[in-house]
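Naming follows writing order (A, B, C, D, E, F, G and H), and every chain is counted from residue 1.
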């Protein structure tokens, strides 16, 4: 496949189509709308299902229904719309069926704005829906990666009968980059032994539900989900390392924040500063192990996010107070400039850091100091 | 006020009334329905507003509207219903207005069952809605405490123009205990300088919204919320200590899990085992400081929850790997018996613990081993 | 002149059912509605290619009773789930079975839009004027003045609103192919109800769009009446408030003969 | 015989407005609807005790233009927010201003139930047959065959459903006091629209229940037409699909003279 | 002479709701107070002759507990 | 003789949408191509006599940009 | 002091109210108490049970695995709680509904024909009070008088006229239990 | 090598497409490239801008605070980017829409009358291509030929007939910029 210039939102839409997407259900919302608009043309022309749902609530439950039949199905939205999907997401998790969701995150809370944000990390990673469940969450930082992860998301969802959510900050949805599309996979319906697609004279009836009236039975489901999760944590963690071999300090950032950090790291390297970058690609399962290892040999971490420090806590959990973990975040749709991260690198590499201090509070003080 | 035998759900309803609740909006769901049923009789008889909404989505937005006028207002629900409130909750947080919510948690994910659970801890504490915000979350462990916290929730919500959520596991909603009601506070409308209750010839027009189209303005809101949160963390942390003075091991549990732990701790003490209990009353803000201090002097922690280990991570963040943190949880609506916790106390006080192991995974292995 | 005597089976439990006895309270006409659906699916030979969508409500366990594939929807979302299924498997028969809290309260958006889109689905709508499963709270269909656990002094239309007549409302939508109301309070009406259910599934089988049969049903337990008196209540109070009849029979459907 | 000449002010910008110029596209009749509401509030002397509820849609910033208190609702939930406000402040005038995506799509449940409960609110419903703010996607009100960014080949009723006529649908509810449809495409209809808006607020002021005025409106930008041609489009295509008229005028309301 | 029929009521399904006795035109059904089903209900049964096999009881039974039979009489020529 | 009137069009509000010129019965309004408002629009103005002050332009204006005046003529007895 | 009591039987046998009466009596005599029903699945039809805990200090777990005291008003409950009762505990069994005697010898099983006694008194419904009365023989912390006061204080007004019969049921149950050789 | 370019102007001046053409040219000649628009608030009416970054290695931040290269098609953009341009950078300004010269002396400001040139060519809309052509004088990594190829390859078919005029616009812009004494 040749490299083409793709806009992030349209790229993930086409990638999903090539991965064998059979049905899309969605509702317009900026900065995600191009996904829906693209598929409103593309799906019918392939004779596949496209429905503009009455709402995100409708969309997630259409996804739920279609997913029960075992086909590849997805929905996409942006922050407020995704909040409306929380009940449905919890049901899908409790029913142990595969579903793919996309959140092109915008500034919040509330209506907020439509600028790029990463403030839905906790909602996606630590379960915005009720009950114990864990979705797989992928965080691309470029259009090409968005395409690749979009395709992978369907395989992962099916492999683990789990929800796979791709979270992009708005800028990745809106930007254009050269990228290669995968070959058209076309529709091949695996016949799952769980799908409720009608007996059709071939088998006993099947039921899919998330009810376990007896707590002991529900607990068995919870344990089943935990069992899968252990496998996922063992086999599916993905991240990218930059300049880590000799790094004394490690920056951790995903998505656009990770890209910006890369620019800053390069500049620092030119100045001979031994700093590296760890960019989580799966934020759930989280790459705790590599961070744990790094914590054993580096002098400190700098977590950078486009939120108030959400992934930060997962990094701190992995570091366990062995070395300082510092934080720099921008919120509300502000995308940090390279200079800001460079400035932070300078700060952490030149000043004496405090292992016991709370990085979020220190950062807050610096932020308000700035103003 | 004399001690009366109160059922948890009716007790919080009456407590809210006495705290000056002016409007209730809710939707039936087990095991919370008695709150709605009680108020469907009580509110009209006091000439106050009661509406059985068309859904939890309707209810939370009715709360949003009424809260904008500055009166004391609340809604209550249980897990799946609360998931439907996530968009509204995020809007209310972004609009900086007070609102009180109750979640009588049940087994999940999905439809699950109606047995007692604590599996919505993450959703409540770490933000199930989109964007950066933090609600105050109170977790009573008895009917009397539920009454007291219910009253307090309105004061806290108003003091910080924030959401205050009271989370009860179903058993506290369903159980009866002797309790004292506070005096009837009656309606006194504070005239807030932010409430949109009509100009009425007295002032300039007011607008309440969660939009900040300019990211820089949105970031200012985020910083404002963080500023309040720092005050809340400083002033509003509440917990109860049992036998901590000379404790070598500390159990951490909230709500019913905390009560069960108390029984086990008492039994252990009778055997001369130096174990104590820390029962968080505010799970958000979380009592990290006391845990931090304890971590400096005890040999280990045991976190016990009616979920798969959600508060556990907050404890680990405070302990920072200095001493072992062990976990014991039951899921899906199962309430642990005292014997189970006693058994865990025996285990941690007699066996060699591993600081570096992941408590959740160790616990999982023990759980499946059990079966 | 001698005679021989042979025995004919006049009626037996439909094949559309599993063996499982229902969990419904004695005399609850949810059971009658179930039976009629099972009989129709059997008569139309659809059991094998039918996928049912259960609601949240007393009929949450409907999936235990029909011998077809089944899924269980979040409260009120059955029409959306059914849409998802039907759009990817258009040749299957998909039906939802919903109570009045499920369909007319929390699920209002989903049912209206499924009808407006003309989704090729069949909806069995049980109107029993209250929320049975959660212990008899007021539903949008609760009659004015009717006492429920959330309208303890009787539904006050001024503060608690007026009953919603779903069939009449959905009939205003162009996507609706067949929308009628029937009752389950006596043999005659039960026969008419079955005819309507048959028509609804015929509508779907022929791809003629959205079909819904609203059924007036009893809730002896929460109404606090005997099953027999509950039937009387339906006849005397519910039928007048919810007139039986055909509210939308699209041209194409009108030609269907059963 | 001499004459004196004096000047009379015939029309000026209503006091119900703030100074802020609107962000609407040139010629968008959202502006006309705003003006009519502002004029009515001024004429009825209600500005001081009115609380408006803005939707999510192009009119999300309505709160910048009316000189009254205002709140901004989540997409589709304005009627629920308005209910919350009105229930605690029954003597205030509360109105929502909603687009057709907001009211007829995502907000279907809230609007139907506000009407069914007979909430004493006024709803100004702008039907412009598409989602303006997000760039012109299909709305439930989009005409059959109409091209939008999410119905690129024209709305196919078979797969994308049929237009919903909200006024007709809500008129079936007993809680509805005054439900009418008007258009903004020419001076005569603008005058009629203003009369209707007046009636709607009178209905609320007198506590006669739920009132809604559906207004056929233009979206020159996303329709890709000049403002003038957009008016023609409304007259030639939308009015026939959405007949103007009074769909529900409760007895009490019928007696109101304005 | 009216058609002769009879019914079988399944103990597994009958809940003693009395809808069948209420509906039976021949009034030949009652609850059997001498017996309890495994679920603890007094099941319905015909307590006297007269069942015509009209199946109205089955039509109203919410639990599909009733099976209905009807006796069919055919004349046959006597052997020579 | 027809009533005489005139209009003032506010540069702050007018967006040059042309709805008023389209509606004006006297056809005396056009866009002033010689001027741009601060927002960059060519504002409406009356380009010839004949405005009767009927205010139809104001009625259709989406931006409440037009103020309308009408001249009122009263007869007075001539001084003795 | 802390004592746990489980009362179990069919729905309709007055299981929950029986427990509440004990809870009221304990509260009125200044003790701590918790009452918690089994709710949910078991609710509609089937068996019901509730756990009452009385103590003179803050009560921890509201549930108990091996109660020292229990009332079984029907056979399934007899089967279940004879198994789980704590050694040395006392189990009051409604003889009218069971067709067998005790299996365990390390607990006191007291069989009382609650239905018959209640019917003798003239109100079938009072079988729960008979059982409660019987239980009091093994619960010195609460006297029959305490329970009578509790009934007087907390029985809904419309049932007040039933007080005498309730008292009698308690008394008869208490006596019946005493007669049984321990 | 990495170069950042910002193109800014009124909506309708072809700002976004101008940037895309550069992006296509860079991609076709095998470089890495990112194109990102300002979206949202500024979208409806008002000004638009996009950032194009070309590099021969993985690109980090898609945004830049102080670009070395920029095109300002109107006065507000001129004001804004003259301020933020990196020292030594080059700013192409659409002379037709500005009434002032450069203030800074540490950057190259090249004034090109894009509107007039475009009108001479006979298509007002091509002012963006004139500006792009001018920019190329400061962007050796991309030749006029590269951009011509990009246009040929990526201009929607229905616009293909406009290719010659586009080429001319590029050429004229390039020449105009060269004439300006650096």
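One rule holds for everything that comes next: a residue touches a chain if its C-beta (ideal position, glycine included) is under 8 Å from a C-beta of that chain, and two chains touch if they have at least 3 such contacts.
Keep in mind the model is a prediction, meaning the values are calculated, not measured.
Trainee: Along the shortest chain of touching chains, how many steps lie between subunit E and subunit H?
Mentor: 3
Trainee: Higher C-beta contact count, B-C or C-E?
Mentor: Ranking B-C and C-E by C-beta contacts puts C-E first.
Trainee: With centres defined as the mean C-alpha position, give me the subunit F-subunit G separation in Å.
Mentor: Chain centroid spacing, subunit F to subunit G, equals 90 Å.
Trainee: Where the CA atoms of subunit E average out and where those of subunit G average out, how many Å apart are those spots?
Mentor: A distance of 43 Å separates the two centres.
Trainee: Report the inter-centroid distance (CA atoms only) between subunit A and subunit C in whole Å.
Mentor: Each chain's C-alpha centroid was found; their separation is 41 Å.
Trainee: When you check subunit B against every other chain, which residues touch at least two of them?
Mentor: 30, 51, 54-55, 57, 80, 87, 91, 110-111, 113, 115, 209-211, 213-214
Trainee: Where does subunit D touch two or more other chains at once, residue-wise?
Mentor: Residues 25, 60, 72, 74, 105-106, 108-109, 112-113, 117, 140, 160.
Trainee: Can you tell me which positions in subunit E touch subunit C when the two form their complex?
Mentor: Residue list for subunit E touching subunit C: 5, 10, 12-13, 15-19, 22-23, 39, 41, 53, 55-56, 58-78.
Trainee: Going by the contact rule at the top, pick out the subunit A residues touching subunit H in the complex.
Mentor: Interface residues on the subunit A side: 3, 5, 30-31, 113-115, 170-171, 174-178, 256, 259-264, 266, 335, 337-339.
Trainee: Under the stated contact criterion, what part of subunit B meets subunit A in this complex?
Mentor: Going through subunit B, the ones touching subunit A are 57, 79-80, 82-84, 86-87, 90-95, 105, 107-113, 115, 117, 119-120, 122-123, 126-133, 209-223, 226-227, 230, 307-308, 310, 313, 316-317, 320-322, 330-334, 361, 364, 367-368, 371.
Trainee: For the complex, give me every residue of subunit C touching subunit B.
Mentor: Interface residues on the subunit C side: 56, 60, 72, 74-76, 101, 105-106, 108, 131, 134-135, 137-138, 140, 149-153, 159-160.
Trainee: Where on subunit H does subunit A make contact in their complex?
Mentor: 20, 23-24, 27, 32-37, 39-41, 58-65, 154
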